[in-house]
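In order of appearance the chains are A, B, C, D and E, and numbering begins at 1 in each one.
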Amino acid sequence: MNGWNLAAAVLLGAGGTAALWGVTTGPPARRVIAQNMTTSAVCPALLLLSQGYGRPAYVDLALLLALLGPVGTLVFARLLSDDLSDGPPSARVLTWTAAGAGAAVVLAVCVAVGPGRALVKLLVTGALLIGGNIIASRALADGFQGVRGG
Amino acid sequence: MHVLPYLVAVHLFLTGCYGLATSRNLIHAVGCLAVCQSATYVLLLAVGYRDGGTAPVFSDIRPGSRPVVDPVVQALTLTDIVVGATVTALLLALVLQIAKRHGTVDPDELRELRG
Amino acid sequence: MADALIVVALLLVAASATAAVAQRDPARQALVLSFMGVLLAALFTVLQAPDVGLSQLAVGSALTPLLIMLSVRKVRRRGRARKEPE
Amino acid sequence: MRHLLPLLVALPLLGAALLVATGRRLPRVAVEITGFTVCGGTAALALVLLLNSAPPLTEWVGAWPPAGRESVGILVVGDGPALGMATLASLLTLAALAYSWRYFDAPPHGHTGAYTALMLVFQGAMCGFALAGDLFNAFVFFELMSVVAYALTGYRIDEAKAVQGALTFGIVNSLGAYALLMGIALLYARTGELAMARIGHGLDAAGPGGPDALVLASFVLVLTGLLVKAAAVPFHFWLPDAHAVAPTPVCMLLSGVMVELGAYGVWRVYGTVFAGPGGIPAADLTRALVTLGALTAVTGAVMCWYQRHIKRLLAYSTVAHTGLFLVGLGVLTPEADDGVALYLLGHAGVKAALFACAGALLDRFGSVDEHSLHGRGRPLRATGVMCAVGALGLAGLPPFGTALGKAVAEEAVGGPLTVVYVAASAITAGAVLRVTARVFLGLGPRPRDAEYETSGSHEEPETTGLLSRVPDTMTTVPAVLLAAALAMGVVPGFGALVARSVGPAGSGGAHWTAHGVLLGVASTALAVALAGLAVTRPDWTAAPGWAAPLRRLQSGHVGDYVAWLLVGTTVLGALALPGVLGS
Amino acid sequence: MNRLRLWLLAVGGAGLAALLVAACLDLPGFGGDRHPYGDRAVHASLLRHTANTVASVNFDQRAYDTLGEMSILFAAVLGCVVLLRQARDEHRAPPEPAGVARPVRRYALLVLPVALVTGLYVIAHGQLSPGGGFQGGVVAATALHLLYLGADYGALERVRPLGVYETTDALATGAYLVLGLAPVLAGTAFLANTLLPYGTFNTLSSGGTVPLLNAAIGMEVASAAVVLLAHFLDQAVEIEEEHGS
């Protein structure tokens, strides 16, 4: 077990447990935020795992999750807009914490990888992860007020 | 640790079955069926795992340099996931039609086919 | 020690499956199922099956929730349309 | 020749792809001719391969011949039973397509080819399942067969019963399929192989001391999947709900061959995987299959008798007959296998013909309800005659193919099980005769309605509006099917041919015996007597109190069916347990 | 809740649980070293110059299974087309345009091309790195639906000629079958990977017919997923029942 895997285990365990708790309890708005946080916890964990196993090929998983995770959250934001409109959730602190943690992980992995094609993929992943996370929170807060027809 | 993954698979299957049998909403029942199916993924991959192994993909490692896990179960699981997604879609389509024709998605209120 | 990762992922998957069955409302269940899909992908990664993890991500994180939520919306919309004329 | 085996799957699929790709532009006639040609071509290929199947053809798809004894490819087996089932499936699909010629309601807008394409995929899936020599490959085609069947069952989306039956069908069968896959995973863990024969070797090598809990669990799980398909009690609840509501041509396929493929799967998997010393001992399999089979036959027959929805009645008769097939397969003698093979072929023809007649009623009167149709079928003389003839075939009147198969199987199972055979076939045939007498002859008083039942009135016809006369295709097809069932018993040497195909070891062929003819005549007489009694004295044969709980079990609730499925696996495990404990 | 069902569930569940747990205890320990089929598959994959062994199993050694899997998807899409068709008593109502916050709209339009490229990348590298036709196809199809999430249904419908996707779905299925049938015409087995050169290990053109089959699957899955989602979207957004009927 190296440090990378240990960090991944901690991130997965703590983030996963917290997200599971959030996703199963409380009002709908909080659940959707927790669903969004799943991406923020698991995606960095996948990056750490790829480094820990010494397999650059595993980065594809993190890339795909960074891409599709926010899309999944947007689905809920769009189709649950009726339930969410009661209390627009605001999770600014949580969002920025998650974004910061994601950035830190991406940075650490980038430093370990060094310049090259793999670095580009990592940076794209990081940008998608952080951007998607913030946009998804934004969409939950005020993205789909009063969507009825489409 | 020797049997934990297998026991988790059993747990998933039985939990899904319990949900299916007691469900009050057909969309929920289809979700429970997906839980049942995830048992097969976990079982298959657990069967193919090898201690200290890595993925049998040789784009970034030299063949033979590290032990690899069983690729066959991974191919089987891939097929299984596709099957699961399509079956879910098809069953949801049927649920939509039930909602239209019966006006409910509660299996307790479907009283057309009896005896 | 690589086992610790597997144990964590397995336990989370088992817990989320239980939660998914226990959530009786389909929209809430869809949220848990999407969480479970991502966790399953993580489990497949630690079981050294990135190919399977990728397809689980592709299906579980966006496609299946979209299908379920669209069905929920259709059923609810019907319910509303029924009540309004009364 | 062996390279052509996978074409039985590939050709129908290619035809389906072609139909979907061009379906929007083609007129309906062109679509139906294409479907007919592809289906017929595949059937002809299956027949040619069947005639060349001694010695059995085997093919490693992907040209991976085994190096030493092991291969990484997929094995496809073309022996007599496999190609026989493939041929049966293909010919029956051909009959169903002929029956639905110009028959359906206008196809979905812009998807003229959809129905025909689905039927072709169904044909390919059934052929693929029959030919599979690899356990996972069998699962894949099992699932393909199920998926197409769900879609076809729910085809009439305007019909409330149809979509409900299709969903029940879908959930229960998918759960069975996942159980099957869990079983495959357990077998792979033990042996590290997927080809059925190699798994069998692996089990024998791993467990010289006999089976353990792992073998038992994999056996139970695999059999659960297959028996759900074969609709054995207590896995049978989905069948009446689905078969009663599917479009008639689809019913012909579901009842005629898909359910029987489940029984075939049990035979194939036990014979190649579990029959060795490391597998499940023969006594345990016999105990499990004969118990469940006899229960299935009795339950199916009783429930069949109390139906008024004609298609549902026929569906229960399929349940009863599958039970008889399972009993025959369970005794594990070559003679019984020959008998079941013949019985199955004859049953497919007769049952498909009966469904075709019920479909004619549905489209002519918009009802398949025995009570509301009372006497209204008089003008449909041809259909009525065919119904009666079909009922006699179901009872096993010599010289129908069913009678020959039933006689051979009865002789092989022997003893009290013969009673089950006679009773189940007589009761189901009696029910069909009763319907014929009431609907087509208007005999007897109109029966009273019961409380807990599914009525068949007010059904949507499957054609555009009600038909004023039954078209020729809808009378020709059942006539041809009945003639085929008759020919199986009459053509000299057919029984011997089937016996040779089933196993080279063989029983020396299936022949008529005085004993068999006598039993066949007896069950026919019993059927006629029952029908006569029911028509003249409806109160004597109305549902008694003890049958009510049995009928209540068929609640139409998918949760109940899932619970029963779990109970079924437990029962199956308990029935096969002694062999594991004893070793 | 029905009492009988709970009893049945308890009995059946307990029995099955006991059986399965007993079986688990007899299974070879987790992480064992005996995988005969797996080892042979790795060997065979390297012989045919396919770097991703899973792709080799899927598209070469057990390509016949993938044919079945593809047919399941094909049949399910066809089934959904049939089941979710517009019934006689329904009509279409064009949905009102939805209001979406500007950042979300910008994000969707920005990510859409990225997702499409990622999907194509995952498909193209299928025989080398993790991924393949199925994974990439789903990603590409999901990408298109960002238009629905980021804008509205009308925008999606404008870039989605459904007939084209349905035809592509069928043609890709046909292409897979034709690729399988070609070796039969050449006198060898169905789906044999013996006609094309195996190429250089770990390059895009390695593996004989593997990249071609992979591409066919990618096309099939992408168009199938689009068609599937289209019918669900139609139901959820456009199709309405006639009131008072």
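Operating definition for what follows: a contact is a pair of C-beta atoms (placed from the backbone, for glycine too) under 8 Å apart; a residue touches a chain by one contact, two chains touch by 3 or more.
To keep track of the chains, here are their UniProt names: A = Monovalent cation/H+ antiporter complex subunit F; B = Sodium:proton antiporter.
The structure presented is a predicted model; accordingly, all values stated were derived computationally and were not measured.
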Practice item. Compute the shortest path length in steps from subunit A to subunit D over the network of touching chains. Key: 2
Practice item. Work out which chains are contact partners of both subunit B (Sodium:proton antiporter) and subunit C. Key: A, E
Point to revise | Distance-to-centre winner among chains (Cα means, whole assembly as reference) | key: B
Point to revise | From subunit C, the most remote chain by mean C-alpha position | key: D
Practice item. Would you mind telling me which chain pair, A-E or A-B, is linked by more contacting C-beta pairs? Key: A-E
Review point. Farthest from subunit A in C-alpha centre terms, which chain would that be?
Key: D
Exercise for review: Go ahead and note the Å separation of the Cα centroids belonging to subunit C and subunit E.
Suggested key: 17
Exercise for review: Please work out the Cα centroid separation of subunit D and subunit E, and write it as a whole number of Å.
Suggested key: 31
Practice item. Would you give the residues of subunit D that are in contact with at least 2 other chains, written as numbers and ranges? Key: 136, 140, 143, 147, 150-151, 154, 157-158, 163, 186, 188-189, 194, 557, 559-560, 563, 565-566
Point to revise | Numbers and ranges of subunit A residues touching at least 2 other chains | key: 53, 55, 57-58, 60-61, 64, 68, 71, 75
Study note, to complete from the structure: Within subunit C, the set of residues that touch 2 or more other chains is 2, 22-23, 30, 48, 50-51, 53-55, 57-59, 62-63, 66-67, 70-74, 78
Point to revise | Every chain pair meeting the contact rule | key: A-B, A-C, A-E, B-C, B-D, B-E, C-E, D-E
Revision key, fill the gap. Listed in rising order, the residues of subunit A that touch subunit B (Sodium:proton antiporter) in the complex are 53-58
Practice item. Sort out for me which residues of subunit E touch subunit D in the complex. Key: 2, 4-5, 8-9, 11-16, 19-20, 22-23, 25-28, 34-38, 40-41, 44, 57, 60-65, 67-69, 71-72, 74-76, 78-83, 85-89, 163, 166-167, 169-171, 173-174, 177-178, 180-181, 183-184, 187-194
Study note, to complete from the structure: Interface with subunit E, subunit C side, in the complex: residues 50-51, 53-55, 57-59, 62-63, 66-67, 70-71, 73-74, 77-78, 81, 85
Review point. In the complex of these two chains, what residues of subunit A are touching subunit C?
Key: 1, 5, 8-9, 12-13, 16-17, 19-20, 23-24, 28, 31-32, 34-35, 38-39, 42, 45-46, 49, 53, 55, 57-58, 60-61, 64-65, 68-69, 71-72, 75-76, 79-80, 83
Check your understanding: Which of the residues in subunit B (Sodium:proton antiporter) come into contact with subunit E in the complex?
Key -> 1-7, 10, 13-14, 17-18, 21-22, 46-51, 55-60, 63, 68-76, 78-79, 82-83, 86-87, 89-90, 92-94, 96-97, 100
